[in-house]
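Notes for the one structure printed next.
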Amino acid sequence: MKTKVQNISTFIGCHTNYEKSNLVLFGIPFDGTTSFRPGTRFAMQAIRSDSYGLESYSPYLDMDLEEQNIFDGGDLELALGNTEKVLQTIENFTVELLDDQKKFLMVGGEHLVSLPTIKATFEKYPNLHVIHIDAHTDLREDYLGEKLSHASVMRRCHEFLGDDRIFQFGIRSGLKEEFEWAKKHTHLEKFTLKTLPEVVAQLSNMPVYITIDLDVLDPGVFPGTGTPEPGGITYRELLQAIGTLQSLKHIVAADIVELSPQYDPSGASTAAACKTIREMLLILSK
Amino acid sequence: MKTKVQNISTFIGCHTNYEKSNLVLFGIPFDGTTSFRPGTRFAMQAIRSDSYGLESYSPYLDMDLEEQNIFDGGDLELALGNTEKVLQTIENFTVELLDDQKKFLMVGGEHLVSLPTIKATFEKYPNLHVIHIDAHTDLREDYLGEKLSHASVMRRCHEFLGDDRIFQFGIRSGLKEEFEWAKKHTHLEKFTLKTLPEVVAQLSNMPVYITIDLDVLDPGVFPGTGTPEPGGITYRELLQAIGTLQSLKHIVAADIVELSPQYDPSGASTAAACKTIREMLLILSK
Amino acid sequence: MKTKVQNISTFIGCHTNYEKSNLVLFGIPFDGTTSFRPGTRFAMQAIRSDSYGLESYSPYLDMDLEEQNIFDGGDLELALGNTEKVLQTIENFTVELLDDQKKFLMVGGEHLVSLPTIKATFEKYPNLHVIHIDAHTDLREDYLGEKLSHASVMRRCHEFLGDDRIFQFGIRSGLKEEFEWAKKHTHLEKFTLKTLPEVVAQLSNMPVYITIDLDVLDPGVFPGTGTPEPGGITYRELLQAIGTLQSLKHIVAADIVELSPQYDPSGASTAAACKTIREMLLILSK
Amino acid sequence: MKTKVQNISTFIGCHTNYEKSNLVLFGIPFDGTTSFRPGTRFAMQAIRSDSYGLESYSPYLDMDLEEQNIFDGGDLELALGNTEKVLQTIENFTVELLDDQKKFLMVGGEHLVSLPTIKATFEKYPNLHVIHIDAHTDLREDYLGEKLSHASVMRRCHEFLGDDRIFQFGIRSGLKEEFEWAKKHTHLEKFTLKTLPEVVAQLSNMPVYITIDLDVLDPGVFPGTGTPEPGGITYRELLQAIGTLQSLKHIVAADIVELSPQYDPSGASTAAACKTIREMLLILSK
Amino acid sequence: MKTKVQNISTFIGCHTNYEKSNLVLFGIPFDGTTSFRPGTRFAMQAIRSDSYGLESYSPYLDMDLEEQNIFDGGDLELALGNTEKVLQTIENFTVELLDDQKKFLMVGGEHLVSLPTIKATFEKYPNLHVIHIDAHTDLREDYLGEKLSHASVMRRCHEFLGDDRIFQFGIRSGLKEEFEWAKKHTHLEKFTLKTLPEVVAQLSNMPVYITIDLDVLDPGVFPGTGTPEPGGITYRELLQAIGTLQSLKHIVAADIVELSPQYDPSGASTAAACKTIREMLLILSK
Amino acid sequence: MKTKVQNISTFIGCHTNYEKSNLVLFGIPFDGTTSFRPGTRFAMQAIRSDSYGLESYSPYLDMDLEEQNIFDGGDLELALGNTEKVLQTIENFTVELLDDQKKFLMVGGEHLVSLPTIKATFEKYPNLHVIHIDAHTDLREDYLGEKLSHASVMRRCHEFLGDDRIFQFGIRSGLKEEFEWAKKHTHLEKFTLKTLPEVVAQLSNMPVYITIDLDVLDPGVFPGTGTPEPGGITYRELLQAIGTLQSLKHIVAADIVELSPQYDPSGASTAAACKTIREMLLILSK
């Protein structure tokens, strides 16, 4: 019989096998330190399924996913309840990818999962710079005594990256001390992305990791997240920013985090995640 | 007894009877070719009910539905599962309306239902031009082998309208070949409505049919649709466009399609549809 | 690298490949004639995903899916809007399965999809008997003039099966004429399943096809369906019925239809479908 | 043109006009004293629409709504915020119906709306007895000082009906003093409906008003209500009770209250209300 | 034992006791005249709980709630069904607050609850001016004969405030006569807030009461309200307006009304309310 | 001013202060090891709020919460992501309660939180017996390598309790090896609670801890849980079981776990939890 096995599910347009691919998409269904409303563990499953409501062709970039060599590596299987072990598993996996000379786009999960992927990337590219687009500073020293928290992820990254390596945009929420701390240790633009072009110009030849917390979007367009923060950017502004990021010559990896699809049953938030993934996969494929 | 029968339900302000009306509102609860997420069949019922959360007076146009002569003709009753038969029924109904010298505003249903209403209108007005406001090109040759699909409706219309009759605005999704095809056969503006004023000026004396796929709106303001596509226009931009359309001297008919109310239980999407219907009814009444 | 591809999704415990399997599970995501509330197209995707909230072991039957040889063949890809073509595609697929000497469990989709699978099975087993567990008679001559409707599926099956081959249980809704018609042509038990043991005894050596419309369950336990009909059976009664069905020596195929998962976001209805599938797969494996 | 006006909406099978009808169905969309969760104002609109998911034929009673003479009188239009005025409007309307020799089935709204309909019925039938099926005693002297409350409706009815006229079944919630008070003034059966047959036998020649608060049903089968109270009766038990009520020779009116459809988006609760209305309309038509 | 009682719930950062506070936050869970969709009674409970998803620090104003002296006084307990009594209770409570020299921020509830708080404030400050930010005129003479309605609240306030005291912004819905009436009696800006800076300049030394109906926001960002009206302002525009209001030297009280949290289960609307409350509490604290 | 602080929220009828109470109610908002669908962290907040839809009087037990001395101690504040630390915190808290000679009813949270409360209770009462009512065995040796999992809680308890101390009822899901293991180490009744009376008789003079996983209920009546398992007990059967438990002379503590309120927005599941808490508080108060 010639029955096709239909039940392999990938993100639209990502069917290249691992060996032939130069870019790997994978998911990390982890929300174990989310204090307020969990659910980012469900993101990647919703994203794969709903990606078929999207086209693989981008009229913004005039590129098509079908013409790239992208492997969808599925999701990491993770034991819950033991955060350190989880982060180690992610880091090991990322090291393997980088050893195999793959670029990657990781999809969270909560923002803490960027810590091991940024760390592994930094180990390969010691001159790594991080562009961080988010509503929140994520610069807390700890959260209720826990150092490994999605509210602290950039602070933890700073511990190995050091000063002047983290560039934060769109930030509209945090403790007063986080904003104060940022003045000395990071580039932090409040509320908007206006300084992005000049930062991109400055980093154009550097190895760059891009981490996008989708809650930078206004909850009007992206309500499907754990901590909606009104007053965010529009989706057109995000598209424009991605257009700007194209000028970077050496994007080595990226991630997109904090979709909680169940808080937006309309699917609009998942659609926003899907479209952002498509655009980011395309600029990573250049 | 003087009991009033209360259970007649019309769109707010549309109580003129058929004979005295010069404008007819009607619904087509059909979503039979919707590939991704069905539900536009429920649009008109939700719209009639929620229209009472709106006022009949428009402060934008300084006009009131109560002062126009509009008949709400209810919904067509359609057999499901047999698309050709459905389209024929719609076309026959539309021919009758036009024979009776009525203008009309049809409310979908999925976008395929515009095919028979545009066709019937074209038969009466061979010089018909179509203004098409949408997120999607709708120019596919076919969808999984089916020529009658909501992804192909404008391509099917082109078969009888011919070149230079279709004007597309706000388009931000489609296959690469659809965008290529459009370059030769239609006016297609990507992403925005900026060229609308000049097109309106050009068509000001022509018979014009306006078809609005509400998914042109950003999913932030209009999540209640089958295929949300981020990066759309704001509701204010749509209001402005409708203001621009007022300059057309000969709008003969219009439609508003693709609300799926169940994907937005907040009612905001249905409210957007209601308000658009009110504004379009008012400019059709001029 | 030793990356596992995680994104193959099957029903829990169904990983045998096609060649080694003797039982095939597959889905038909079709709801094209559903008159009232569509959505059964989403059933199989929800079922595969939520099956992992279940165990593969049944304490009722003391059997484990992991110890059977079951292939999950994915879902048929179907063109929408053309019902006849869809049914032909399903029939062709089913014939192939039967030619390869496989038993099967089909998961709908609306009930009309049982027509081609029962027809194909009947062609192989001319002495086929059908056990039909449902809230509705499904014996309409037509629905709004359409003969191919989920309200007519058993009437269409009768056209080739003939009298005394259809055994209906749990029926609590239909036209008066359907109940009258059934008196002459089928075994129909209203409201309950009390006569199932005697029918099973009578059919114990016959080739039997079992079609379960899950709306036979009370909407309290199974609200996720297009036309909830209060007063149905409890889930324990369904489990007991499946226990009774074990005595049949020659079940050749079965189906489970009419889950619309989106009407029950709690997941309880999908869980009921999953558990029913597990139990039916196990008795088909005997 | 022969356009049919389709947008008259009635409950299924209730198209007789007022003059020819002997039974009137009408709705009271009032929830103004609901303390916990409002929403019964939306019941009748949902019921009319969803009644088309039901058949007009009852296999339980072997009767068909289409063969009765029932008028659907729509909903009363009521000013909110002034409870006394609302109740007076309802009472006046009910008096008119009774003066015209109509039986009626009223659909709430919250339970307080039974006060004016029972009062008007009592004025015509001074020997009136009331069968009250409910989860709650509804016998409070007042609620936060307000005497007109849905928690007090039966206590208010007792003020004109007097002792030994109210028969309460299925009651499983109330203040201790309400249960104590009931011992002296009403027949109150806790938890179940076991004494219904004997009460029906006793009242078989009396004029009887039946008031059914649907929250008597277990929240499993009827979650769509303001104050779900676990441990209620099954839908089959309610059907059996309605079967028992058939023996009453002189049912003069009835009501069905407390559906809040928005708390059960699956539609199962609305379906339960629709089916109960169908059965009650049929026994009122005898 | 040193068990802390944790189940006191206040808005984030509002733990000062009554005596030491100079600003009081309180809620009025009343929606008794809401004609279309009730639910504002649930606003304050959702707001208190979800405020912990927000930070107490505002990067817009560079101020922190924790450093102010704010008392969260809970919610008024109100009898439903008797609107006059409710309004009197609110007025009495407000008079007490003002007698104790407290400023206050009241959170509704429907807009009618602003009537008694504005009235009490006017009695203390006869030169009171009201800034009214809203989608709706709220200037109806009555609604279905009822003078006490949320659609009439500003008209009722005008009865004691008189001409040239009410300044309305963002208005995009109303009867034609309301807009006409406003031309003579209030300052009314349609659609936008452009004239706010000049009005603020004009009122900078006056006692001012600010009433914000959150439905002034576009339903895209604030779907959680009874009557969503498309075409509203963005959240950034509201933030800018609050920034402008800082220049007022004598804001004596304010309110924020018309959140119905259950219409937006994503929590985005509640988050918008929370953030607006934080910003308003901070400018009231100056 | 005499403003009452209204924003203390307790479970209905539980206002006694700690010192005077002999029974303490408290919540543990922890779901950190929940593998499938999290959300039990939201249970206690929903329960406190919705308990006011219930009466404090039980007509089943003829007892009133208002007449008992119960303290609602709020919820433990827990750091997420570090399970061992969380369990230690819970154990320490429980030891304090027991040292103060309090009985307690703990409300989860996922089932793993019963481990530290049972352990602390066992340390005070070495002869402790545990009655475990649940859909799942909870006897896994580990889950994906983690020993601290809600699927392993009873296995972990067995490590200190030993054989013949755990009595399991209603179990209908687990691995085959769990059922096998139980045959040697616990009393396990599959599917029903029929042996509960004899076990109660046997334990009547023993110190007993009762742990109720609410998913023992059929998902029809209790869909609000992470892993709905069809075929469960009815709410009436649970009420009957609680009635049976009354005969135990020495219930020292109890817990009720696994409500995830967000999966059942109707509130029916939360109502089931509230009523179960009321009944359990009353029998603990005897």
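Letters A, B, C, D, E and F mark the chains as written, and numbering starts fresh at 1 in each.
Going forward, a contact is a pair of C-beta atoms (placed from the backbone, for glycine too) under 8 Å apart; a residue touches a chain by one contact, two chains touch by 3 or more.
Since the structure is predicted, the reported quantities are computational estimates derived from the model, not experimental observations.
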Counting hops between chains that touch, how far apart are chain B and chain E? 1
Whole-Å gap separating chain D and chain E, where each centre is the average of the chain's CA atoms: 39
Note: chain D sits from chain A at a C-alpha centroid distance in Å of 55
If you average the CA atoms of chain A and of chain E, how far apart do the two points sit, in angstrom? 38
Show the residues in chain B shared as contacts by 2 or more other chains, in ascending order. 77, 218, 220-221, 264-265
Can you name every pair of chains that touch? A-B, A-C, A-E, A-F, B-C, B-D, B-E, C-D, C-F, D-E, D-F, E-F
Across the complex, what residues on chain B touch chain A? 36-37, 171-176, 179, 190-191, 218-221, 223-224, 226-232, 263-265
Would you tell me which residues of chain C are touching chain B in their complex? 31-35, 38-39, 41, 77, 79-83, 143-146, 148-149
For chain A, which residues are in contact with chain C within the complex? 1-10, 18, 45, 48-49, 72-77, 93, 96-97, 99-100, 265
Going by the contact rule at the top, pick out the chain D residues touching chain C in the complex. 52-55, 57, 59-60, 62, 64, 218, 220-222, 234-236, 239, 264-268, 271-272, 275
